[in-house]
C-alpha cells in the first residue's frame, strides 16, 4: 500500500502525520525547486491554514539562512512548489508545519531526510514548535507505516505518556521546542544523488 | 461518435480515462504552445483539483528537463494552454495527472504519442503515480473506443485482477510506479510533422 | 427587428446561433482590435464556459498563424475585445466556439465574413469542431433571420436529417470536422473597407 | 431638486435616463481624466453589466479615434474615471451605453455636450445602438427634469408612438442606429472653458 | 469620551457625521501620506460605497490640482492611506464624501482643518455636493461633541429648517453646492507644525 | 503550558491580550523581516479587521520614521511577515493594534521588548489608542501568564477601577493616549543579540 514510509532518496520529501475522521494517516510533503523568480505554488487541496503553514515555513528559512548555510538569493532565484498528495482529499490545519519546514529545508540544502522518520507539529514565525491533536491515532498510523522515529512538540509529551506502552514499542520520540531542533534531527549531512546546484 | 480514439498526428493530444455518474468515458487532454512568457492557461470547465494536476505536471517537467532533453528556458519562452474538451461538462479530480504530464511532455518535445494508448492515474510532485478509482468502468470505455494499451498505477493492478477476462481481451496493461515510466511508454521517438522549434 | 442578419461590412462581426429557454435565436459575436499589448477583454454577460471558448479561439489562432497568414507579433501588439450583445441576457456554454474563432480571424485578417452565413459548434484547442444541442430550434431562428448558409459539426448531420424538409428549404448546410474548414468557408478573400494595418 | 437638467459647462457630464422600481429618473454620467497610464476606474455602485457598458464605450472610442479626431496615445496617457451618482443606489443594465460613450467622448475631446439633451440605449462593440425598456417612464422623467431633446435607438420609435401626445409636447426625439450619430447629435463643436490639453 | 471633537493639530484628520441604528455619531477620517508610488490603502471596515467615496475624492483632487496649488506628481510619489476608526464597526454609504475629500486635501496641502468643524455630504466626480439623510440625528451628535460649524449640501437646508431652534443653538451652518466651497471653508491657510514636504 | 509569558530575546515578539468565548487569553504577535521589496504577509487565521490593524501599524511607522530613528528605505527593502499563533483559531477585531505596532517597531529597530509586559488596544492611523472590550477577562489571563505590566487606552481606566483589587495585585497599569507612549513604554534601548542590520 502507498501508506508506507518509502525512502529518502529525493530531496524535499518528508513524512508527516495527519489525523482524519477515519483515524491517523501518514502523508508526504513534497517540495520541488525550479529556476525562477521566487514564485511559491501550493497544491494538494490545501485549506487556508495549511497554506499559511507553508508561508511560515518559507519565511522562517528566509529569516534564518545563516543557521542552514543557505544563500538569501536562493529564495529569489528558484520557484518553490510544495505539494501534499493525495489531491482528492481536502487537507487543512496547522499541524503539518514542522513537515513543511523540513521539506523546504531539505530542498534548499539538497540534504537527505533521516530514514523512517515522521513528524507532526505547528510552527510559529519565530521558530517555536506548538503541540497538535490526534497524537494517539497518528502514532498508530506511523507504526503501521514502518516509522521508527517521531518528532513532536515537547508539549505533546504528556499525550505520549497516556498511551499504552505496547503501542509505542519500536518507536523513538524526539520532543522539541524549536524548529532548529527539528532540522538538526531530520536533515542528514549527506546530500541526495545529483543534487541541484542551489 | 467522438468517443473513439482518433489519431496521434498532433503533438500534445493524449487519451485519458474518466469515470462519471453514467459510467466510464475517454477524454482528450490537449496542450498547445505559443510563443510567449510562460503563461499557463487551463480550460475545459476544470475544478480546482484537476487544475492542480496541470500545475504538478508542468512543475515535474520543469524540474526534470534533463530526463526529456528539454531546455529550461523553453518554459519561460512559450505560453502553455491545456484544454480538456468538452466545455459543457464540469470535470475534477486528480486522475488525469498522467494524461496531463504526457500531453505537456509531447508538446514540449513535439514527439508523437503512442497510438491507441490511454491512461489514468494521479501524479505527485516527485513523480510517483498513485492509484485511482473507477477502473472497471474506465476499462470498458477504453475498449469501446478502440484502445489497445492502457497505463495504470501499479497499485491499480489488483483492480484489473478482479475484472472478468472477457472484458480484458485485446487490452495490454502497463503498470507503473513513476511518471518517468509513463513518458517512456507513451512518447514515440518520432516527432510530429512540422514540429515547432522549441 | 434586430434579430435579422445584418451585413458583412465590418470585420469581426459573425452570426451565431443560440438556444434558449424560449427557442432559437441568432446572436452576433463582435471583435474589436485596438493598438495595445495583447490584453483580452470579454463582455456581454458571458459565463465561464463561454469565456473559455474565447480563450480557445484566440489560442488556436496564435498557434496556427501560418494557416491564415497572420503575424505572431500581432497578438502582442493589439488589444482584443470580444463582445456578444445583448448585455442584459446572461449567456453561457461552448456552442459559440466556431463563431468566436471566425470573429477573431476576421478581425486579425480584416477579411469580410461570407454574407447570410450563421454557425454553431464547440471548438477544441487542436481545432476540432464538436456537435452541440438545440439544432432544430437554431435552424428555425436562422431561417427567420434571413440566413442561407449554416456551418455545423459533421456530428450534427444526424440532427438535420431528422428535421422535416420544409423547414430546411432555402438553407445550405456545411458540415465540418475542423476549425480550418470553418475559416475557409466563412472568410472571404475580400477585405473590409479601410482595413486596419495589422 | 437635483433631478433637474443642470448645465453643460463641464466636459464629460451627460444626462441619461433610468428606469427603476419607482418610475423613471434622470441620471448623470461623469467622466474625469487625469494624467496617468490608462487606468480605468468605475464608481457609483454599478453592477457588472453596467461596468461592461463602460468597457464597450471606451473600446469603441479607442477603435474609432479617427472619427473624433482623437489620438491613440491619449488612452494610454490619461487615467479615466467614470462615475454615476448617487452612490447609495445600486445600478445595473446596459441602457446607459450611449450616455457612457458620449461622456467619454466629451471628456477626450473636451467638447461641450448639447444643452437639455438626455439619452438612453445599449451600445454594441461595433457601434450599434440597441433598444431598451421603460421608455414611457423615462420620457416622463425627462420632461420633469427640463429636457428638450432625447436620443433613442430607432428600434424604440414604436414605443414613442404608443405614448399619448400630451406627454411628448416640448420633446424632440432623435432616433439613431449608430453610436456615430449619437456623438454627432450630442457633442457641440464648442469646447469647455479651460479645456485639458489632451 | 472619544466622541468629542479633538483638535486640528494633525493634517488629514477631519470630523464627519454618521447616522447609525442607534442615532447620530461623529467620526474621524484620517489620511496619512508616506513616500511611495501612489498606492491607495483604505481601512476601517468600509463597505464598497464608502470606498468609492475615497476614490472619488482622490480623483477629484487629481483632476483639480490647480485649484489647491497641488502638484500632479505628488499623487504618484506618495502612498495614501485613508482610515476611519473604529475598526469593529462596519461603515458604508456615500455621506462621508465631503469628509474624505477634505481629509485628503488637508494631507496633500498640509494645511490645518478649521477647528470645531464637522461635515456630511455625498460628492460627485465633477465636484457637486449631494444631500444625505439622518440630518437631525447628525446635528444632535455634533452638538454633543462640541462642534460649532457644520457643512451640508444646499439641498439639506430644508432638513435644518424642520429642526426645532433649540437644537440648533450654537451651531453655524454652511450650505454648499460644490466641493470647492467645502475646501475653502474647511482648510485654514495655516499649515500644521512640521509639515511634510509634498 | 504555552499560555505563559515567555521571554524577550527575539525582536518582534510581543504579548497581547485577547478575549474569546471561553475567557481571556494571551497571544503573541510575531514579526519577521527578510530582505525583499516591502511585501507584507499576514498569517494566523486573521479576519479582515485584524489584518487592517497590521496595515495601520505599518503605515503609522512609515509615516513616523523620525520618532523611532527608522529609515524610510527600510520599508521598501525588507519583506514584513506578521504572524499570530495559533493557526487553528480564527482571530479578528481591532484590539491587537497596539501589539502589532509594537511588534513591527521592535522588528524594525531590533530593540528588545520590555519583559513581562502585555497590552491591548485599537490604534488609529494618526496614532491614537482607543479602548477595547473584555478588559476583566484579559487581566485575569495576563496574571495567569506571569505578566506584571499592562498597557491600556486611558479610556479603559474606568474598566480597571471596576475590578476587585485582589485581581489586580502584582499588576502595574500604563494608561496611554498615543501610540508614541506605547512604544516608549514597550521598547527597551537594548537591542536583541545578533540584530539584523536594518
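The first chain written gets the first letter, and so on, giving A, B, C, D, E and F; residue counts start at 1 in each chain.
Just so it is clear, a residue touches a chain if its C-beta (ideal position, glycine included) is under 8 Å from a C-beta of that chain, and two chains touch if they have at least 3 such contacts.
None of these values were measured; they are calculated from a predicted model.
A.B. asks: What is the graph distance from subunit B to subunit D, where chains are linked when they touch?
C.D. replies: Minimum number of steps from subunit B to subunit D: 2.
A.B. asks: State the smallest step count from subunit A to subunit F, taking one step as a move to a touching chain.
C.D. replies: The least step count works out to 1.
A.B. asks: Where the centre means the average of the CA atoms, what chain is farthest from subunit B?
C.D. replies: Relative to subunit B, the chain whose C-alpha centre sits farthest away is E.
A.B. asks: Report the chain whose CA-based centre is farthest from the CA-based centre of subunit D.
C.D. replies: Most remote chain from subunit D, centroid-wise, comes out as A.
A.B. asks: Mind checking the centre-to-centre distance between subunit C and subunit D? Centres are C-alpha means, answer in whole Å.
C.D. replies: A distance of 30 Å separates the two centres.
A.B. asks: Can you compute the centre-to-centre distance for subunit A and subunit D, using the mean CA position of each chain? Integer Å is fine.
C.D. replies: From the centre of subunit A to the centre of subunit D is 60 Å.
A.B. asks: Using Cα averages as centroids, what's the distance between subunit B and subunit F in whole Å?
C.D. replies: 52
A.B. asks: Which subunit C residues sit where two or more other chains touch them?
C.D. replies: Nothing qualifies.
A.B. asks: Considering only which chains touch which, label the overall pattern as line, ring, star, complete or other.
C.D. replies: The chain contacts form a single closed ring, each chain touching exactly two others.
A.B. asks: Which chains make up the ring, in order, starting at subunit C and heading to subunit D first?
C.D. replies: Here the ring order, subunit C leading and subunit D following, is C, D, E, F, A, B.
A.B. asks: Quick one: in the complex, what on subunit F touches subunit E?
C.D. replies: Spelled out, the residues of subunit F in touch with subunit E are 48-49, 52-53, 55-56, 59-60, 62-63, 72, 75, 93-94, 97, 122, 124-126, 128, 130-131, 155.
A.B. asks: Can you check the complex and tell me which residues of subunit A touch subunit B?
C.D. replies: My answer: residues 1-2, 10, 12-13, 28, 30-35, 41, 43-45, 79, 81, 83, 85-88.
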